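One structure, pasted below without further comment.
Chain nomenclature is as follows: A, B, C, D, E and F, assigned in order of appearance, with residue numbering initiated at 1 for each chain independently.
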Amino acid sequence: MPHQPIASLAEGAVVQQYFLVRAAESRTDKSGKPYLSLVLGDNSGQLVARVWSDVLARCPGPFVPGDHVGVQGQVGSYRGELQLTVRYINTVDALRDMGKSLEAYDPDLLVQATPYDRQELWQDLWQLAETEIAPPLKDLVLHLLTQHRDAFLVTPAARLYHHPYLGGLLEHTWFVARHTLASLNIYPDLNRDLALAGAILHDLGKIIEIANPPAPELTVSGQLLGHIVLGWDLVRQAAQTLEFPDPTLLLQLEHIVLSHHGSLEFGSPIPPKTKEALLVNFLDDLDAKLKMMSQHLESDAGPGEFTSYHRVLQRGLYKGGLVSGQNGATEPEPEK
Amino acid sequence: MPHQPIASLAEGAVVQQYFLVRAAESRTDKSGKPYLSLVLGDNSGQLVARVWSDVLARCPGPFVPGDHVGVQGQVGSYRGELQLTVRYINTVDALRDMGKSLEAYDPDLLVQATPYDRQELWQDLWQLAETEIAPPLKDLVLHLLTQHRDAFLVTPAARLYHHPYLGGLLEHTWFVARHTLASLNIYPDLNRDLALAGAILHDLGKIIEIANPPAPELTVSGQLLGHIVLGWDLVRQAAQTLEFPDPTLLLQLEHIVLSHHGSLEFGSPIPPKTKEALLVNFLDDLDAKLKMMSQHLESDAGPGEFTSYHRVLQRGLYKGGLVSGQNGATEPEPEK
Amino acid sequence: MPHQPIASLAEGAVVQQYFLVRAAESRTDKSGKPYLSLVLGDNSGQLVARVWSDVLARCPGPFVPGDHVGVQGQVGSYRGELQLTVRYINTVDALRDMGKSLEAYDPDLLVQATPYDRQELWQDLWQLAETEIAPPLKDLVLHLLTQHRDAFLVTPAARLYHHPYLGGLLEHTWFVARHTLASLNIYPDLNRDLALAGAILHDLGKIIEIANPPAPELTVSGQLLGHIVLGWDLVRQAAQTLEFPDPTLLLQLEHIVLSHHGSLEFGSPIPPKTKEALLVNFLDDLDAKLKMMSQHLESDAGPGEFTSYHRVLQRGLYKGGLVSGQNGATEPEPEK
Amino acid sequence: MPHQPIASLAEGAVVQQYFLVRAAESRTDKSGKPYLSLVLGDNSGQLVARVWSDVLARCPGPFVPGDHVGVQGQVGSYRGELQLTVRYINTVDALRDMGKSLEAYDPDLLVQATPYDRQELWQDLWQLAETEIAPPLKDLVLHLLTQHRDAFLVTPAARLYHHPYLGGLLEHTWFVARHTLASLNIYPDLNRDLALAGAILHDLGKIIEIANPPAPELTVSGQLLGHIVLGWDLVRQAAQTLEFPDPTLLLQLEHIVLSHHGSLEFGSPIPPKTKEALLVNFLDDLDAKLKMMSQHLESDAGPGEFTSYHRVLQRGLYKGGLVSGQNGATEPEPEK
Amino acid sequence: MPHQPIASLAEGAVVQQYFLVRAAESRTDKSGKPYLSLVLGDNSGQLVARVWSDVLARCPGPFVPGDHVGVQGQVGSYRGELQLTVRYINTVDALRDMGKSLEAYDPDLLVQATPYDRQELWQDLWQLAETEIAPPLKDLVLHLLTQHRDAFLVTPAARLYHHPYLGGLLEHTWFVARHTLASLNIYPDLNRDLALAGAILHDLGKIIEIANPPAPELTVSGQLLGHIVLGWDLVRQAAQTLEFPDPTLLLQLEHIVLSHHGSLEFGSPIPPKTKEALLVNFLDDLDAKLKMMSQHLESDAGPGEFTSYHRVLQRGLYKGGLVSGQNGATEPEPEK
Amino acid sequence: MPHQPIASLAEGAVVQQYFLVRAAESRTDKSGKPYLSLVLGDNSGQLVARVWSDVLARCPGPFVPGDHVGVQGQVGSYRGELQLTVRYINTVDALRDMGKSLEAYDPDLLVQATPYDRQELWQDLWQLAETEIAPPLKDLVLHLLTQHRDAFLVTPAARLYHHPYLGGLLEHTWFVARHTLASLNIYPDLNRDLALAGAILHDLGKIIEIANPPAPELTVSGQLLGHIVLGWDLVRQAAQTLEFPDPTLLLQLEHIVLSHHGSLEFGSPIPPKTKEALLVNFLDDLDAKLKMMSQHLESDAGPGEFTSYHRVLQRGLYKGGLVSGQNGATEPEPEK
């Protein structure tokens, strides 16, 4: 039985496949019997699951976030959301120890990640920095990309609201940087090096703010300091290491990183006071909001021409405009 | 004596040249004598002028907004702003009647206008609509451009805050449309026709909202209804005339026009509920703010590395980043 | 067994009567068995109902919004709200086909509607327009009333918050118009024709914004454009048809319609700039809020001298002030 | 030479008449010579005046707010506002002592006051309370009116923004009370006695908050406590004195007074939680805003179809709608 | 079996002990059977309990808020929160009537109260007033403390958000008064008597606003008028009784009470206009927020270094900083 | 002729003494003649001065901010503010070169500074850190104090709004730190070392944000980055240098610095999430606001019991409460 993507599961579906455990909690039902409430994930989405007491007796676990598990069950719904009633569950490790065949087990299917090839995104971003930015900013950008390559390749762009998956930061950064390059053709009076360096580095602090990419959570320093100043600190320290030769230029780059949320009430300690900072602020916000729209539209399986209310965007979205195939691929692809 | 652009006048300068009267008001000085307070303009800016009572006796006028006048005087300053003390003033018409030589009079120098060739902007915009938008939206856009060509070529984009000059709407629309085209390469999943049509038509209502382009003022319908709904009405009526065949597509275009200010508190009766509307909202806002920054930076002749406080942007701007010549021309130019 | 109004049902009540299906959703219970979650309505309110799997097997439906159904069951409560456990359910059509007696079936009892006689409200509103407004505004108002009579008689004033029932728009408009007439005696310097025409037409766009009056839902154009501009467009087109002779007067009427929400953040693209627009804005808002208060007070069956928190009004309401009979009838009645 | 109302003075007018001194300040001009800056008033408005040093030598004063003065001079303008250059000034008392004829002196012309007959307003308000309110609220209202009659007849409704003149509170209260009476016919389910008593007493605290009606200023308790709670205290104490028999009814009246500004950010410590409180809140706000509009429209003598920006209403107003004579008298008159 | 504090109960715990009934509601389960939903309390917290239909048949009650009850049951969890499944329940009164031993029953364990000795807090507060405040403010403060001693000793400081328990107002007032005394050493230019009197009396109106301290609820006058003006009224009336000799000083004290919420949007009809009012406003707000933090940190038993989101503070709190024992006692203690 | 403090100058005063030039600007008067507009300062305040053209011819300067100048002139007023008409002006350096006696010249009188002995404040603050904070935070605080001693002794706490003078940061920090120490006695459960270290370091970034203490101006990095993150960076770098041993403790200190403005809209990228951060946030804000009140009350020489409107505090202040001598010295003094 091949893996059925969570996004394609419908009420009534019978499942026998592998999942990632994203969250696990012990509870008791109304009659006082213990049961397990799980959030299971694969690369297409998330699903709430219940292991009722009778099953739990046979499959006691324990199951913790990050576990890969084999599951049998059936999809029902509760309060309007799909929910999996589990009939059997065990970890891949335990199944392996029991000598079970894991033929159908493919760990790549279980973790949600950017739909793009991360190596391609990375090389394209690197090349953009190398060919489009002049020194000394080029040196600084490449130094930081080199230094934080591993984290940059996996970190999500956010824990919940947009690109909340493996490689999300890279995907988001790629879009903002590519868009900045395109915008500079329209507004050639902006400082090209500055805008591009700012676009690539604006969210760098996310690699410190967000931990555990497959099941993203905020770090202590992320919650006590925030990614904006953490990213600024990374840039500042790298510039110190490289003995960056142009302090005024550096200040403007630092300003882009600090001001990229656009205004104080959105968490920037300073509003954009240069055109380059304004551009990065707008293109960052635009990419995040377009992605939120895409995610919300994709996750909406209900009837009607409008989605449910989006809590962050504070509106429902129009679904009628999606004309399949009109604009080619259903997913944007990086330019080659 | 050649025309000295207002933007280049400094304290102490002696002037003998032509100006446009943008505003005129009769006042009395502290000793009770009448004098004239004028705002004079040319294609580089505006200047306050005073015709004190002794001069006024010799040059009684009258002078009304829109007059082209020959002026002699000297530039001083009052409360930190330049001010012209007039020693002689008369209208070009009167001077002509008096048989004076008007050799140095060039009306083109007196009216502030977009720095771009308006014919080129227009043709480029037209071509963009013709080649990049598919029917039926292409037909609707070209119909509206044809219908409102004369007004579109002269109307400012705003009375005060950005592009407040002849052809400002055309310049602003050109930038938003070109930028939209560039952005669609980054976000190919958007409906291309819709986004481009929305970009070109989003501010169309300005041609009704703003009258008298050389000295822009708001019309009664502009102040009682506003350009957002006036533009929507133009689109709606044209679609009716053309018997636009796709009502759903039309609704989405109307939605872009109505929602392009991005949120209720900025005057849109509805927030953007499609990706195309979101894109046009962002690129419109970005172009306006970048232009406000440019205008404020250019008008700041004072010392220091920051401009004065900008009332709309609610911040001072950093001037230190302007590196002359670094990015080529000091003014952006339309792509050929 | 006579029809028991939903508003009078208490926990434990046994019901055997007819309802309107307002919403229907298939779900599965914790043990994975399918059940049906319904919202049933009559002319006094709404009630959540559950058709558990055993009953569902006997009464498979299907049941869709708008259906009139015969139901047997008992009222319980869940999480503090009443809930009907269904023991039998079938559509009136099916029951008829089965030859059942439908003696007790009265469709008039099932749909929530204004407590007033809609024909009387309509005639009174018409007469008000005919006798109190002078031409040319009278002609415009009567033309629009004639043109949209059918929709005006049934459309709710809102989907959820106030007058969300058949004839709600008519009731609301009647109150605002009558109140405007009364206020003009206090403020005779206002333009009487303008204020009255604005009062009658201010919410006209609701007839396009809201569809399916018995179970109101927002239309696509309602959600993409909104009733404010849709109503303005109706007025504008009618004026064009009638070749309305006084463009300045028309502009002021259009302004009342566009500005009647009072400020940008409440969705008007322009704030009221005339006294007539201010008056209509206040009396519209006051009628909506008084109705919300009435509805909230009536729906509050709990103990205590204050209602629960009202999400829109952002406060609880005082119930102690309701002195039965002090002011005559429990419901206001239109003046004859 | 008859008294020329300030509101009718134009640039160039020669004046020889009497004024009220509303403010007086000694200054020095640029050459270091002392001069006097005055604000003069009459029953039609206010005017800035200058007594330059040469005149001041002859007319040394002193002049203090409240003085009635005889003045000769000419009207000019400074920075766009009219300004009187004084050629002679002396107090009426000094002129009388000097044996001058004061034939043209009419103190009634000098103080700004409600355009209505205050005795008529008072009697009408009293009668409204006596005939329309039932005991025990009638007794409480009449007791408070009797107790504070003198202050009620002279206090302005505000220091600056609306009805800022002798009898302004009475005029404002009369309109709110009359309007409440009219509204109760539309909404008969409201508690009539409560709404009317609240309408009459809502602003009673103004008699403590504002002192010196001809030149209104805020008292210390007005600025440290505010009229809302001061008025509540007056009601509460009167009820104690009268041993008001219905504590629940009294609480609701107190609530109307405390909540009449409608929300916390406008200074009410509590929002309206009853329909009666909501009604008084709306009709109070409406009367104040309509009066602000009237005052702003009347004070706008400039060209154009819109007034200047109104700082409190945050908009310019449309002037084009004023059609002289269309609705009868240019000033509303109390119903007889 | 000794009393197990609610705060220490974990899933699976078996309980046989006494509780306070804080809320009680009759419901029916999905199969239509009636059950009872209770909120039980003791001096350490609150717990939701369910009496399912089979148990309810044996233990029909009735049970009302305020009852002391004996309970047997087991702790489970529902939707992530602990919940007690009751196996037996009866009131202490009924148990006594049945001749049951009530040996383990200790009413002091059932009511949540300040952790401090209320008599000590009271005496310390009294002494502070007596020794640190000079007449006539001392006389006024002591008069009010004497007059309202009984209520002051039991009233909570709030119904929900901070110090929501017996003696909470006293504890809060003690902290604010002690803190004010300490702050006056840093800012000796403030009026000491005024600041201390204001600190002690600022929340006095709570004794009228909140009723029934063991299960706090808002009174009608509390909801229609609010504690700010109610407290002001108490001060004002006491001053009248005492014929307070210094009206200016009294006004400033009244101002502190009215302005202690700091701004209009937080319910003060006037913002602090004196240094003393500003100090009391800050120290009141600080004590409330510190207590909210303490309560939220203590109630958070979950894993992770941050608490859940606090709805009033609008943030999660950092838990990692709590170093047990570092600063001595886990609870602050009044200075002796 | 002894130095007359600017704060004591009244209209008509003749001055012959020394001032600091705080600002200088060349202008022309209405007749086109050049004059000089100066802002002069001494240790008591600031004063606008005019050097009209005739005087300017004799005293051509140049005069630049920071110059100490000898001045003769007379105090007049313009638009309600005092203004000095200069009759002679020259720099102290030029006067010295001319061999003039500078007997009365005392540079200490010319610069506005904290009224406290800065050395005493410094030693007291140092001692507080040394005796009240335990390692390792003590070491970090002392390291930073040592490192930045010179700047800390002179930097103002703000450019305009509070403590805008030499040593202002030191004075402000001293008050916040002392107050924190006092508050910790009331709230002993807080981490003492953390709160005190945070209190001392919270505004450290001001030493980079503000330059030129006698005439404070914002630096480029101050305007592009802001003192909050600049101070955080100083703390972070010092901790790195010292190899601070407790990363969790350090994070909490960094959090205090970053969150000390209390909320995002006031410029902190993160709100306070610990009690220590909340305490420092409150005591910082309180000290700034109390100082603003003091400064505004002191600068108000006008009549009436309330000051003019304070633009930042958004209210007028009550002056009647100032009872000279009641609480000892007119200025608070550091505790010894």
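Simple rule for what comes next: a residue touches a chain if its C-beta (ideal position, glycine included) is under 8 Å from a C-beta of that chain, and two chains touch if they have at least 3 such contacts.
This is a predicted model, so every value here is computed, not measured.
Trainee: Using the contact definition given at the top, which chains are in touch with both chain B and chain C?
Mentor: The shared contacts of chain B and chain C, listed by label, come to A, D.
Trainee: For chain C and chain F, what is the smallest step count along a path of chains that touch one another?
Mentor: 2
Trainee: Are the interface residues of chain A and chain E largely the same numbers on each copy, more than half shared, or largely different?
Mentor: Here the answer is different, because the shared fraction of interface numbers falls below one half.
Trainee: Please report how many Å separate the Cα centroid of chain A from that of chain F, as a whole number.
Mentor: 46
Trainee: Using mean CA coordinates as chain centres, what's the gap between chain C and chain E in Å?
Mentor: The separation of the two C-alpha centroids amounts to 43 Å.
Trainee: Using mean CA coordinates as chain centres, what's the gap between chain E and chain F in Å?
Mentor: Each chain reduced to its C-alpha mean, chain E and chain F end up 42 Å apart.
Trainee: Pull out every residue in chain C that's touching 2 or more other chains.
Mentor: 29, 220, 223-224, 248, 252, 255, 273, 306, 316, 318, 320 - these are the residues of chain C that touch more than one other chain.
Trainee: Pick one for the touching-chains graph, please: line, ring, star, complete, other.
Mentor: Contact pattern: none of line, ring, star or complete.
Trainee: For each chain, which other chains does it touch, given as pairs?
Mentor: So, checking each combination of chains, I get A-B, A-C, A-E, A-F, B-C, B-D, B-F, C-D, C-E, D-E, D-F, E-F as the touching pairs.
Trainee: If we count contacts the way the header does, which residues on chain B are in touch with chain C in the complex?
Mentor: Residues in contact with chain C: 220-221, 223-226, 228-229, 232-233, 236, 248, 251-252, 254-255, 258, 264-270, 273.
Trainee: What residues of chain D sit close enough to touch chain F in their complex?
Mentor: Those in contact with chain F are residues 25-32, 34, 218, 220, 223-224.
Trainee: Tell me, which parts of chain F touch chain E in their complex?
Mentor: My answer: residues 175, 178-179, 182-183, 185-192, 194, 248, 252, 255, 271, 273-276, 278-279, 282, 285-286, 289-290, 293-294, 306, 314-318, 320-321, 323, 326-333, 335.
Trainee: Mind pulling up the chain A residues that touch chain C in the complex?
Mentor: So the residues of chain A in touch with chain C come to 11, 29, 50, 52, 74, 76-80, 83, 85, 305-306, 316, 318, 320.
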